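In the two assemblies presented below, chain A is common to both, partnered first by chain B and then by chain C.
Right after this comes the complex of A and B.
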């Protein structure tokens, strides 16, 4: 836990934690609303959004790319809704049509345009590059308080932290509304809560989390974190607040354990090279969900299970 | 354009022809076997299946290399991918059945976790001495450049088997897709049929991995059935139309991609399917958007026309501009708003029909008949001419509108 840790591991772990928490928080509500797969759809359309932003601006700067990705997410949500209503198609299939099409468009644009010089490829978009976010100018723990060293910290960290704080603030602000609208949309409307706008806002929030996390850690974490920690938390409790706390805990645990396993796990087996941290974080979150499915105190549906075991 | 035609006619070289035929077969198999999953409202299960193939590819590669074989053996890789995809499917089914989590959460969880594990395995393979040129990334987005005759044979045989199995099991699968409880009551094992449906999709996914990659094979399983659904309401036809849509987009997409540079096969095939989908969404009869718009306008016109004629019969002034335009265009009124002979005749008919309905409601207590009154359905469609004559007898002789001209 010395200078090496601060230089190589502190920043990726923190980014992993912020990204996981930022995705897990909206994930709680998406799961309860049976919209869990919207995160999957969003993480696919981020690619075309980023490529279009690159083609328009010609740079790989972070802000236009995030705007492009967020724009693509909004376009995708609107298109899914349009296909659903105009074609009378069930939501899952509408989602499948739109996100695969947009993704294919993104890959085609990528091949057609001259992006080979810049670091923009599909694998990077999928896997992220958590391990490369190294804090170069640090000398150890004392650098955390040193403004000169802090200035050289990878810019993904403050951005991810800001998005995470923003999402926490949004969830706290709209807590009561979200709670009511998630469980009983009709009652929410009767109370005067703009349930439709709230639902759209939730999807947009999820998109913001996905885009920010995508930039730092790739889309695998995004898909896994939207679903695995909240789903595991759902099996632990019947209280929404408790569920959200559990999901945050699971998200942090996945990020830390995943990073440690990816970075140090291979060493235990005598291998020299680390494996993909993003992939490992997703795997760990899945294992946590698996354990919750097997042993979670509230795992079974009310009324089901007893007859199944009989 | 010429090179596109060449590719369509399989004149663009051996490899291009192979890819086009393979993609066409794959598209047909994917479209038809994806149909039942779509009708069962579980289209996105195919997404999880596709992502769950990745760890299998990695594991198979590692095992084959450690046993001293060539890790790139396609059959071995596909077997590995089938194993993990099957495990993923069983886990989805288990989570959705045994825990309180909804199926979409189960799909997402399996998708994310298995894909993450696959990426971990890929990074392990990259660090293996023999893994540098493994090219396993090709399974993400597909690669047709090095397609061998053997690969085409795998697609042809596997695809035909999948289509054959779909045809063989079409009745139980249709039953389960539309009414699972009825199927259970009939004695079918719903769970086994569900697993079979997913197994078919898994088989197609595995066959298509090499050609279009695991992310885009999802599109070939979902878009053709959704497209086919626009053209028919009969499940038996949806299967074959979906197959044709998938096959056509596969074949034409592969030909287009062969005829130009920087046109990756997988995405072009998907965009081709998406184009057919868009066309169907707009122009399909009955379910298409254009048909709905036309239907709406026709309905609007009928309502305006009838309201206008009723006003004429009561000699009330009409102020609604659209109604006036409509009546004038049909020669029912003159430009100054005075009804023509034809207009008066039709107005008299409409108002008489109204009164006939009034009588009908008195005579018939049957709400099934009188309930069909919506102001637009002609009375002749609901009652026989005998009955209408009976109404007329009670009403007395017809009354002219606006006196004799």
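Right after this comes the complex of A and C.
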């Protein structure tokens, strides 16, 4: 836990935590709305959007990336509608086809384009570049309070932290709307709550989390964090607020354990090379979900028990 | 969509003005049209639901009963029509409306408790970020007590029977402390005790001067439960007091001869 840790591990772990929490929070509501795959879809569509935005502007700044992702989302919606109508295919299949095709197209585009000057290639798109986010000018824990050293901290950290704080603020502010509209949309609308706009805002929020997280941690974490921590949390409790707390806890646990296992785990088994931190974080979140399925106190669907006793 | 709208514009040439709504009428609908795709589900319906009364909305499956109610509340979009509540546009009177959706329209596996659902009815009072006061929590408990569910306050909602779920929905509407109660099939799939409990609560509301409107499909209980009926089959068929409007002739017109002879005889029996 000395200077080496601060230099090599502190920033990646913090970014991993912020990215995981930012995705897990909207994930809670997406899962309860039976829209879990929207998170998956967003993280797929984001890739071609970001690459096209980069090809046009030549930078990886936040605003063009967001616009590119938003444009790709619009294209995706139009294509899904077209496939549904022209092909007469059910919506789920149409989505699956379009998202996968767009993602694959993004990968091809990325391979063919000259992105050598920036951190944008197929490997980063999938797994991010957590391990390379090193804090060069640190001398140890005291640097955390040193403005000169802080100025050289990788810019992904403040960006991810800001997005995470924004999403926490949004969830706290709109908590009551989210709760009522997620449980009973018709009742929410009768109360005058703009449920349609709220649902749209939730998807936008998830997209912002996905784009922000994408750069640093790649799409594997994004996909895993939208679903695994909230799904595991649902099996731990029957209270929405408690579920959201559990999901945040699981997201943080996945980020920390995943990073540590990726960096040090292979050494314990005599291997010399670390494995991908993003891949390990996603794997840990999946293992947590598996354990929650096996041992979570509320793992049986409550309705099933009722049918049996009736 | 556009073709339907054009047809309606052609056929429904009447001018619709909100000022035409009676100033004290709890719920007035004018020219409500709703369409799912090409065919209208509710076509140019006018209605005026009276105060101090319980009104049943009656019609065959697919006649647009629930659709009309949801379109009036803005839960589903309407192609045309005006809705006024106590003489003002509905947007200005949301505080005075309580709504009980169909029980099957929500996921009862949602992670929440009975008292939590009832407290959703207090939303117009607490607002988006206000805190529930002790008095409000007590009010929610009292609403549960009125439907006989006080002992279930901290139960997970997925553990309730169908009748208990319906009572919780009614308690949530009571917590809204409204003047107009709109219920979508409140007796669907509930046990006899629950049906009795619900009707007692609704009759009490009526005697306290509230207006109650319910989508209802059990013709045999109409005379016992309701004072007023609204018969609909996509279009409005008839509307008025049960004694004068709930007649064989009107029911035949509403159901298009789909009611069997025995069914009609039963209803005649109830009538006499």
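Convention: the second predicted complex is superposed on the first by the 261 of 310 C-alpha atoms of A that agree within 3 Å, B and C clash if a C-alpha of one lies under 4 Å from a C-alpha of the other, contacts with A are read in each partner's own complex, and residues count from 1 in each chain.
The rule is simple: a residue touches a chain if its C-beta (ideal position, glycine included) is under 8 Å from a C-beta of that chain, and two chains touch if they have at least 3 such contacts.
For clarity, every value in this text was computed on a predicted model and none was experimentally measured.
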Taking the superposition on A as described, I'd like to know which of chain B and chain C A:180 touches: first, second, both or neither. second
For A:86, is the partner it touches chain B (first), chain C (second), both, or none of the two (neither)? first
Looking at A:267 after the superposition, I want to know if it touches chain B, chain C, both of them or none. Which is it: first, second, both, neither? neither
Counting touched residues of chain A, say whether chain B or chain C comes out ahead. B
Let me test your reading of the model: by the given contact rule, A:286 touches which partner, first (chain B), second (chain C), both or neither? first
Identify the partner contact of A:191: answer first if only chain B is touched, second if only chain C is, both if each is, neither if none is. second
Considering only the touch criterion stated at the top, classify A:169 as touching first (chain B), second (chain C), both, or neither. neither
On the A-aligned overlay, A:97 touches which partner chain: chain B = first, chain C = second, or both, or neither? first
Would you check which partner chain A:237 touches, where first means chain B only, second means chain C only, and both and neither mean what they say? second
Under the contact rule defined above, give the chain A residues that sit at the interface with chain B and also at the interface with chain C. 34, 234, 301-302, 305
Contact residues on chain B for chain A in the complex? 38, 41-44, 46-47, 94-95, 97-102, 104-105, 107-120, 122-124, 127, 137, 140-141, 215-216, 218-219, 222-223, 225-226, 229-230, 262-264, 266-268, 270-271, 274, 277, 281, 287, 289, 292
List the residues on chain A that touch chain B in their complex, please. 31, 34-37, 39-40, 44, 83, 86-90, 92-97, 100-101, 103-105, 107-108, 111-112, 122-123, 126-127, 220-221, 223-228, 231, 234-235, 262, 266, 271-276, 278-283, 285-287, 289, 293, 296, 298-302, 305, 308
Can you name the residues of chain C that touch chain A in the complex? 70, 73-75, 91, 94, 97, 99, 101, 105-113, 116-117, 120, 123-124, 126, 128-129, 156, 158-161, 172, 182
Chain C-touching residues of chain A, taken from the complex the two chains share: 32, 34, 173-177, 179-180, 182-187, 189-193, 234, 237-240, 242-243, 301-303, 305-306, 310
